[in-house]
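For reference, the structures are reproduced in the following blocks.
Shared between the two complexes below is subunit A, which has subunit B as its partner in the first and subunit C in the second.
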Partner chain A sequence: MTVTDLRSYNPLVKVLGPIPAMVVAIGSRDPVTPALFAALALALLLAGGRLPARTLGLVVAGTTALVGVMTVSFGAWTDPALVDHTHALVRLGPLTLWSGALENGLATGLRVAAVVLLALVSGLTTDGADLVRAMITQLRLPYRVGYAGLAAMRFVPRFGQELETIRSAHRVRRVAGGRGPVAAVGRQLGYAIPLLAGGMRHADRVSLSMEARGFGAHPTRTERRHVPFRLRDVVLLTALVASALLLPLVSGGPR
Partner chain B sequence: MKKMTTRFLMACAAIGAATGVLLIPTNFAAFSVSASVPLAYAPMVGLWIIGPVVALAVLRRPGSAVLTTFIAGVISIPTPAGPSAVVTCLMVGTAIELGFLVTRYRVWAPWLFHLTAAVFTVLYALSAYAAFDISTMPAWAQVVFFALMLGSQAAFTALGLVVARRLEATGVARGIAPRRTVPEA
Partner chain C sequence: MTTPLIAFAGVAVRHELPGAADDAIRYGRPTPAGVSFDVHPGEAVLLLGPSGCGKSTLTLTCNGLVPQVVTARMDGAVRVAGRSTVDSPVPELAAHVAMVFQDPDAQVVMATVLDEVCFGPENLCVPAPEVRERAEDALRTVGLWDRRDDDPARLSGGGRQRLAIACALALRAPLLVLDEPTANLDPAGVEEVHALLRRLVATGAHAVLLVEHNLDTAVELVDRVVVLDGAGRPVLDGPVRPTLADNADLVAELGVWLPQSTLAALRLRDHGVDLAPLPLTPGELAAALDARPALPPPLAPPAPPPPREPVVRVSGLTVRRGGVPVLHDVDLTVAASELVAVVGANGAGKTTLAQAVAGVFAPPRDTVRIAGVDPARSDGRTLSGLVGFVFQNPEHQFVTGRVDDELAHGLRLRGVAAAEVTARVDDVLDRFGLTELRDRHPFLLSGGQKRRLSVATAIICRPQILVLDEPTFGQDRQRAGELLGLLADLHRAGTTVLVVTHDMQLVADHATRVVVLADGRVVADAPPATVFADAETLARAGLRRPPLARATGALVNHPEWRAVTRLADVPAGAVAAVRP
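Entry: the complex of A and B
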């Protein structure tokens, strides 16, 4: 695990560190500030993400497409009265696309792209279970609450099997028959209640077996897998918070 | 902490896992929809509210909304939102929980669910205002945006209460939720 691998960093730093930057990016109005944050997040992912080429390609293509689509769509949604002093680019019958509106849309697109990329810094390099373990170790989250989160991850595949069973049972008894979209929505809602009830009954059994094995008997608990908080985490956290303060200055301050 | 039995924690885990499963496709849809048609994003807001509403209405214990949304966030990590989904979800859960905290967990009437959810939605709409630069949209679009968000919140809160009532009827919350001595209004 070298220093350049984002996976070796503490999940909490990767999740909470970019939040000041996200807030500043959302609050900015010019296109340059969010673009700088997006570039920073992309640089982090490129340098330390160790991502497979396919994922990296999807991320770059996805965010580029996002910015492109948002530039046009939010540009079209912009109130013409605000931008009709700029020059018109396209006229389609009653609709006119103003260059000011496009600029507006570009800024919005870049803002959202910056937030998505900053979230992906942790999203693509963090395991959910590790995040929970870090919360228990560093944030002093009561371990019983953390383990509820870990147990919930095991519930998800169970929901899939349960849904199959319920669906078959409903079909055999011809519950909520009929065709068409309305009947389909009704059917889905009909699955929700037995699914949730089944999940809660399963949760009851899980809690019994956990307590039978002594879960929660002691105030603390030792972990087999440790998630450390090292010097590199302090450095990354400082860098991320500093970027939130400094990048707006580089781009000419929040307008 | 002492009052949180393992059974209560696991019940929250079950509701949270179901909410998380619901939020995974929602997160993907929200990202693509908010990019192209910002107005269509507004009606999706209610999906984040339904989980904590069901948990609070069924379990009727302090902390059920916060716990459920924490778990829903952990489950919905593999989405474009990533682990920051935990932060988003916790924000929703805390907001819904607050209304019940200030009434000291004594009022469980539907109006309190609707009121808390509405207050949260208004605050959230204001933050979305900044993120999507709604203020540059024409006035009618701004009004529709707000109306759609509030409408979706009201619809999903009502749906959550219906789900909660039906779940209660199955008896799964027996022994977790405090026994009700006073008939409901």
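Entry: the complex of A and C
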């Protein structure tokens, strides 16, 4: 059954569909609304993500840890004046951890977790090239822009490696750094010139290679893989938008 | 005569000169200058010329990249399938001319091998079923069909370059233009690509225009050669064998690299042993030598340097990167005034070993000693006085805005007095031919000048050992030759050198010792002649013999010649007195 496979859905629906839900989740004040959105996103990933156990484990563990850390840290930062009517859970010298503050932190953590999980619905089930194809087919994005963007994405890991090499090269030259932020900024600027020079040369070569292979010869190009917009995509899109409107009502509405 | 696939008529290209004070655009001298020749269906043409004569530029005119994309002024005309390359948009010419460039990494756009091959035909609006058929055909030809779902980044260097060739084939263009397709590859990768080109040329389905520095193989692949001189003017054009053999002296004088086998034969000819017709390939040289009843004895290679005190001592070095072992239990000693070459296939751990020896990263304690100092326990300043490290890309290690500051940098960091800094910088500028350029920004130097500057910055602190990581990577033969000359001079003057390289002729001609790595282990550590005689180890490490060693290794007669691997050991110069 491909209907239960998120990969078979149109990438645009997966990328754009959750945006209203994200907005509502960010705007919510209570912990229940974002928790419901997070649960919805997680359910989608579990049911239709077909993710390897390792990835799934990382997602669940990562978001749980995120919520935990944010609950405590945001909880500690909350203005005590707002929450000192609630229970005092822990007293550490001048610091008091109020239960209301913790609840505030939890809500913040859940809001971030909901947005992350909603973004992962597309992030973990969408191929970049398919997204570009869908944007070209359905959004009428000029293919020159889409594919050039795709080629540019391939620079990212290369840049990372190159930066690493430049850093070790500069270390070998023992660049007189000194300490402190000014010296650090100076060092980063020192990496920028070789990185940019290398990047420009690489971009130049890639563009020559693309043109030599007929990129831009015609107003359109053959797409071997058609990314369709089917009934199931309409259903998913409707469901996602509806959830953005309905879930806050389920959770008792914004307080 | 068939109609030509491509016709060059008086092609001359002038590149823009950088750095004009006013905004006027100035152009340099034309390279190439006035080139006219045709390529017909089924022909395989080798384009030769010294560095800077405009070979690459000429290949870029084939589909209009020059002057349409790369800004330059072009005189004369290039016609492809009857169309002028100046007026027809570059992408439209892709159906007629397919190109393969030097750097396989810079030719990858898509995320899988199959998508990559389909990219070209899709751009040409070929119907989807035919795109698939062409892609399968091309991938099967280059032997990558089974890897079609892989990320191109996971292929070896040779594999990526075969992929680039598959991409060119999928365009079904009648003319294939290749610009130094093997310059960035390890020896096994070079062989893969050459074997593929040989098969492609043999089918006669494509015409090929090839720029290639690896001549001993290239001359077997092509049937015609066009030679440009240093100014980019065409001087020779004809069938490869007679053209090169009859004009060997002229070609050598132009500064064009000749096959090693031919160079060896020329040395012998000066010595009174005429191997006419001049051999072009190792096989021909071996046959010509075997056919002689007697040969003069080869020159004895210089005696290995007497054992000196060790500069570098590596013992039991194991390095892991991200949990994967890169080096296993490596032992290595480098004595003063040695020139040690570290060789092996891509990923064998060569760079890691060189970086550990130079303290680029801190190796585990007590595994490396440089002049008695453990890099794991010493600070950078001590280390930079002991080792000079030259990176693959010279730009990576430039840290100042002027050539002379670049040289003074290391000295100033070490607290050398100002007067002495000036004296030493002036001396090194002079020795490396950089005096005129002392106030330039290092990034504005030419490729060869940048390379010289990077070596100069590494030696100005008078380190005990100079370590170089693939210094000839991606450079043309001539620039590589210049660098080797520089290294040989430094070595003669007493510098200890450790060099990581894929260039087997460099190893044969200059190294006093070769360390062969395979899968992170040292599998051989011996003088070059011994290593090149050991076919099993070479195969295991993914290495190939350099051309001269291939020729002498195949000799049936003349046992005393079988160990000759250095061009310098082939007798040269007139033997006036003893000649009958």
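We adopt the following convention: the second predicted complex is superposed on the first by the 212 of 255 C-alpha atoms of A that agree within 3 Å, B and C clash if a C-alpha of one lies under 4 Å from a C-alpha of the other, contacts with A are read in each partner's own complex, and residues count from 1 in each chain.
Rule of thumb we're sticking to: contacts are C-beta pairs under 8 Å (C-beta built on N, C-alpha and C of every residue); 3 or more make two chains touch, one makes a residue touch a chain.
Just so we're clear, the structure is a prediction, and the values are computed from it rather than from any experiment.
*Asks:* Once the shared chain is lined up, is A:Leu124 touching subunit B (first), subunit C (second), both, or neither of them?
*Replies:* first
*Asks:* According to the contact criterion defined above, which of subunit B and subunit C contacts more residues of subunit A?
*Replies:* B
*Asks:* Quick check for you: in the superposed arrangement, does A:Ile19 touch first (subunit B), second (subunit C), both or neither?
*Replies:* Touch partner of A:Ile19: subunit B, not subunit C.
*Asks:* According to the stated criteria, A:Ile166 is in contact with first (subunit B), second (subunit C), both, or neither; which is it?
*Replies:* In the superposition, A:Ile166 contacts subunit C only.
*Asks:* Scan A:His87 for contacts with subunit B and subunit C and give back first, second, both or neither.
*Replies:* Neither subunit B nor subunit C is touched by A:His87.
*Asks:* Looking at the overlay, does A:Ala212 come into contact with subunit B only (first), subunit C only (second), both, or neither?
*Replies:* second
*Asks:* So, does A:Thr220 touch the first partner subunit B, the second partner subunit C, both, or neither?
*Replies:* second
*Asks:* Touching A:Val112 in the superposition: subunit B (first), subunit C (second), both, neither?
*Replies:* Touch partner of A:Val112: subunit B, not subunit C.
*Asks:* Return first, second, both or neither, reflecting whether A:Arg54 touches subunit B, subunit C, both chains, or no partner chain.
*Replies:* neither
*Asks:* Touch test for A:Arg140: subunit B only (first), subunit C only (second), both, or neither?
*Replies:* A:Arg140 contacts neither subunit B nor subunit C.
*Asks:* Using the superposition described at the top, list the residues of subunit A that contact subunit B and also contact subunit C.
*Replies:* Residues 128, 147, 151, 193, 197, 202, 206-208, 210-211, 215-216, which sit in both footprints.
*Asks:* If you look only at subunit A, which of its residues touch subunit B in the complex?
*Replies:* Its residues touching subunit B are 11, 14-16, 18-19, 22, 26-27, 29, 66, 69-70, 73-74, 77-82, 104, 107-109, 111-112, 115-116, 119-124, 126, 128, 131-132, 142, 144-145, 147-149, 151-153, 155-156, 159, 192-193, 195-197, 199-204, 206-208, 210-211, 215-216.
*Asks:* Per the contact definition, I'd like the list of subunit B residues that touch subunit A in the complex.
*Replies:* Against subunit A, subunit B makes touches at 1, 4-7, 9-18, 20-21, 31, 34-39, 54, 67, 70-71, 74-75, 77-84, 86-87, 127, 130-133, 136-139, 141, 163, 166-167, 170, 172-173.
*Asks:* For the complex, which residues does subunit A have touching subunit C?
*Replies:* So the residues of subunit A touching subunit C come out as 127-129, 147, 150-151, 154, 157-158, 165-166, 168-176, 190, 193-194, 197-198, 202, 205-218, 220-224.
*Asks:* Can you check the complex and tell me which residues of subunit C touch subunit A?
*Replies:* So the residues of subunit C touching subunit A come out as 60, 63, 65, 69-70, 89-92, 94-95, 97-99, 101, 103, 105-111, 115, 118-128, 131-132, 153, 164, 167-168, 171, 355, 358-361, 380-381, 384, 389, 391, 393, 395-399, 409-410, 412-413, 443, 457.
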